[in-house]
Amino acid sequence: MIIVLKREAAQSEIDHIVEKIKSTGLAVHISKGKERTIIGAIGDEGLLSNLPLETFPGVESVMPIMKPYKLVSREFRKEGTVIDISGVRIGEAELQVIAGPCSVENRDLLIDTAKKVKAAGAKILRGGAFKPRTSPYDFQGLGPEGLKLLAEARKETGLPIISELMDPRDTELMCDYVDIIQIGARNMQNFRLLTEVGKAGKPVLLKRGLSATIKEFLMSAEYIAAQGNANIILCERGMRTFETATRNTLDLSAVPVLKEETHLPVFVDPSHAVGRWALVAPLALAAVAVGADGLMIEVHSDPENALCDGAQSLKPAKFASLMQEVRKVAAAVGRTF
Amino acid sequence: MIIVLKREAAQSEIDHIVEKIKSTGLAVHISKGKERTIIGAIGDEGLLSNLPLETFPGVESVMPIMKPYKLVSREFRKEGTVIDISGVRIGEAELQVIAGPCSVENRDLLIDTAKKVKAAGAKILRGGAFKPRTSPYDFQGLGPEGLKLLAEARKETGLPIISELMDPRDTELMCDYVDIIQIGARNMQNFRLLTEVGKAGKPVLLKRGLSATIKEFLMSAEYIAAQGNANIILCERGMRTFETATRNTLDLSAVPVLKEETHLPVFVDPSHAVGRWALVAPLALAAVAVGADGLMIEVHSDPENALCDGAQSLKPAKFASLMQEVRKVAAAVGRTF
Amino acid sequence: MIIVLKREAAQSEIDHIVEKIKSTGLAVHISKGKERTIIGAIGDEGLLSNLPLETFPGVESVMPIMKPYKLVSREFRKEGTVIDISGVRIGEAELQVIAGPCSVENRDLLIDTAKKVKAAGAKILRGGAFKPRTSPYDFQGLGPEGLKLLAEARKETGLPIISELMDPRDTELMCDYVDIIQIGARNMQNFRLLTEVGKAGKPVLLKRGLSATIKEFLMSAEYIAAQGNANIILCERGMRTFETATRNTLDLSAVPVLKEETHLPVFVDPSHAVGRWALVAPLALAAVAVGADGLMIEVHSDPENALCDGAQSLKPAKFASLMQEVRKVAAAVGRTF
Amino acid sequence: MIIVLKREAAQSEIDHIVEKIKSTGLAVHISKGKERTIIGAIGDEGLLSNLPLETFPGVESVMPIMKPYKLVSREFRKEGTVIDISGVRIGEAELQVIAGPCSVENRDLLIDTAKKVKAAGAKILRGGAFKPRTSPYDFQGLGPEGLKLLAEARKETGLPIISELMDPRDTELMCDYVDIIQIGARNMQNFRLLTEVGKAGKPVLLKRGLSATIKEFLMSAEYIAAQGNANIILCERGMRTFETATRNTLDLSAVPVLKEETHLPVFVDPSHAVGRWALVAPLALAAVAVGADGLMIEVHSDPENALCDGAQSLKPAKFASLMQEVRKVAAAVGRTF
């Protein structure tokens, strides 16, 4: 930690700061420049997290030196994490695609969609049983019944399944059914839920919050990892900005930044980011080109009658043709699909 | 709902759209202009919420006419809601101030702070027992023990108490102790939690999410109201923007906009918005001037040793002097304090 | 234009609005629904641009039906515009790359860089003679001398040149030297400068402002087109958001949105968006995959000693290897390079 | 400047960095911690502005210690700057209000409005002669004729006048007429224009750009000051955020932050920020409460027929009643009006 002092800081103020830092067990290093005196606190910065140094008299600014995340950092683990979901390996050269409807609506539709996305190349089936909806008057998902249908679809197709967990009370139920637990963007800082899935030990796909910085995103992953669960897939799905032409702004720069900062695999969900199916294909290709380890895409056999997010769902034929293009771009950047 | 058609929309496309709208029970009104044909869907727009009209062939754009919130809207209820918390009336001409430490740390500190904020004019005591922290390695609050200390402080001072609920599993426990349940900014779209506090029936203070629009904020209040609980206090606490000079950007324009849109009382929390105690006082005064019904302010007797958010906490003496200034500004805008 | 009335709008208010709209020459269509009455103003919405209908008594909201841009819209011209810069054709299947140093610094360095970027596949040379710098104390460019050196580099290599215009007083000088005039992000709404380059008739590369919506971006292009100059290349270069891990957030969704909305070619500048050379390559590939017509990339033979933006400049060898990858991704999405 | 090295930085990399820093004339201080080695560059950081240290091999991050602005900083000049505009003193305890129409439209309307705002307490008259409009098809202002009318209004009322400069070629003309030159938000980083008004020596009101940080805002003021002109009034007028309920988000926190950072007076323009007249009054009062030195407010005798921004203009009677409220809030925070 670097503490920059005000030009007019009194010696008594400096002494007080030094004493406080030393009381946490850290060493102190003072450097007097022409314009400013700087105090370096040497050692584990976590020990200073409760010390509001920026408000101490005489302090101008405080700058951390270390990253706040540890277990998920690339520094902690050089090689990329590979997560094995019933034989589907995430985080290797092979790109993986998760596809399926926004919400599970009925058995036939789900199994039909599952078969079609599998045929097109998807290896994991998505489908919402519990749906976080902005309006209390909108369809909230089939609940446990939806999970059962997903399990049936898995049985029919062999595809592992992923579904979103919204409530810590559903963790056990969810673990009984799904292969990957999804934490949605709106729950990225629902710290209790993060702790629960950390304890549960199931692989987790963690979506980036709408206004979460990359640092906060990694801190939420750290919450899960701190419970001993390192099987975390990060998923960029668009951030909130001033632009209204798309529902959110997909931050593809986040992919290479995350690949530098963390050993965890990184997915991209273009469907939720853009909110309009015609834009999903170009952004899916861009996500592959920028280095994503996988994609998550909404596919619905009958978007006009979908109970949720029909506007952003691809029809199976369109999805299949997108997968052909994904294959080519993946090859162009040295990946397989 | 207004559906604007593309210039080249085919008659068959128009017929299909009209048929779909009619199938929901709404009436249809078609208006042919020089440049565009427009379809008006007349009746309850909620019936169209699952119809992804924007992706129908021939459609250029779709514009809702009605607001998506009902129970919390000013249209639903003209006069402002007044919430009575053990005699403290929120939503009338008298401004109300909630004050106290970020987190409950120990009995003596809490009761000392409670007495001081009461003496200065605060009518409700705040204190976190469960703390949502960005880092899993930071102090997470005293939990149930913290609630007990809050209850003791209430007994000592007579001040009603407010504390944050993070987990639906703690709802009953929380209801046993506090007078107002706080839903934090990070949980503004934790829809399960909203539903729980709606059912619990306790007064709720709902903080605006960091990147929530005013419309989304009101939809979250609608979640609570839809369960029959209309005792909701809205609280602006700063939004996420590109500016880093303050922790968040306090959106004071939201106050008069909310007063137009909803009958619910509106509070402002300047402490979390700015993140630095020296800025709390001017923004608290601005919040009063702009028309807030109350303030929520962090006060700590010993900020240097606070376990949480010491940087933004006022010392009791500074808080007392701020209350003097609040009194003057409140009088200037026709309110009492 | 759709005008939604308040539920309680009085007949006299409605009459007043109708009369006002008719006075502009537009026709009026009234539709009474259960909850709201709606007035449609039929005809050229531009005639209403000075009428502040949203503040008329009885009005709840006003919604334009038409896009505010005309000449640059895809509706105005279905086929894509192709711009020929001394034989380099922009807007066709062949991807074009503009490369070169941030600022022109000296003859040898410029010509050396020009030769190297040409060898790697770039068809146009960039170089700043006038530099918009955040600080008045930073290097402001060589000015006219820089333009002369660019012209020499063109002579040596045959590459057409592009440079940024900052001041309407330099328009003529700039036209004497460069093949394409660049308007920088900070001047995207410098309307006088837009009008000048519109009149000058030279091809223009217009960068999107840091906080400009796509609609505003197109309105700025409309300013140029309204003067009779339709040779406009749009360039996405990153927007301002809350994320600080990259200098700006590259909005690649803007590319397919722009391709829908306008017939103008769309370029992407990843260098300024990310601000760090290690991130330029993946984002350049993503830009190609998402459908950009070309790239603009900073290349410097000696970034450590660059007078400007060294941090984001690729060395020639790195640039050459990126061009190899660009070639593969371009082929994968059906383009040549 | 603090340079944080990567854990694995090689000695040769460290030596290279040290040598480079020393070559600029700065001293170097090395501090080896347990986790990281840190290099401090001691002396004038401006000398490092062209050195892209963040991309040197072995470097993890670079943190400046000093603020980039000098002449406008509070450190450079402790006491607040007071600007005298023909006897109207800006920056003292007396609050000053600038009012008038968005654009000058005709003589009678302007003089009528001028007399009325003067009667209500405004001391300076605003009016646009050159208007920056998003659409090339909207009214662009009366130009020089507008300046003449403003001068007539000054003669009639004695009020000094302010108008916006958009083009460096109009600087001399503008100086002949107005008492304060306004630089609009869209031109805040039009560095040529800043340099011109710096040279011209007239008092300048500089509006904050829509997406400018406070640091960038002050750097733009520094551009003017660097030319020897320190008569600069800063004006917050709303920033661009995701919220669409108001046109922009007024950042009132910026006022106390600016008062800490700079000795220049700070105004607030609520009219442009909110874009709707009904919200102007509460935000004007909040601006006074938060510590602004003055307000800039749009007033129009006939907003329905205004050629520009009628929606946000107050009628004179409403303005007069707002000034009564401003007087009370000003008194409450220890200012006169």
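Structural remarks
Note that the chains take the letters A, B, C and D in the order they are written out, and that residue 1 is the start of every chain.
Rule of thumb we're sticking to: a residue touches a chain if its C-beta (ideal position, glycine included) is under 8 Å from a C-beta of that chain, and two chains touch if they have at least 3 such contacts.
Computed from a predicted model, the values in this text were never measured in an experiment.
The most distant chain from chain B is C, comparing centres defined as mean Cα coordinates. Looking at B-C and A-B, the interface holding more C-beta pairs in contact is that of A-B. Chain C has its Cα centroid 38 Å from the Cα centroid of chain B. Chain B and chain D have centres, each the mean of its CA atoms, that are 31 Å apart. Between chain A and chain B the centroid-to-centroid distance comes to 26 Å (mean Cα coordinates, whole Å).
Annotation for chain D: residues touching 2 or more other chains are 211, 240-242, 244.
Within the complex formed with chain C, the residues of chain A that make contact are 211, 213-215, 239, 241-246, 249-257, 260, 273-274, 278-279, 282-283, 285-291, 325, 328-329, 331-333. Listing the residues of chain C that touch chain D in their complex gives 20, 46, 49-52, 54-56, 68, 132-139, 166-169, 186-187, 189-192, 195, 210-211, 216, 219, 222-223, 226, 240, 276-278, 303-304, 306-311.
Interface of chain D with chain A (complex): residues 2, 4, 7, 29, 31, 33-36, 38, 40, 42-43, 63, 65-66, 75, 240-242, 244.
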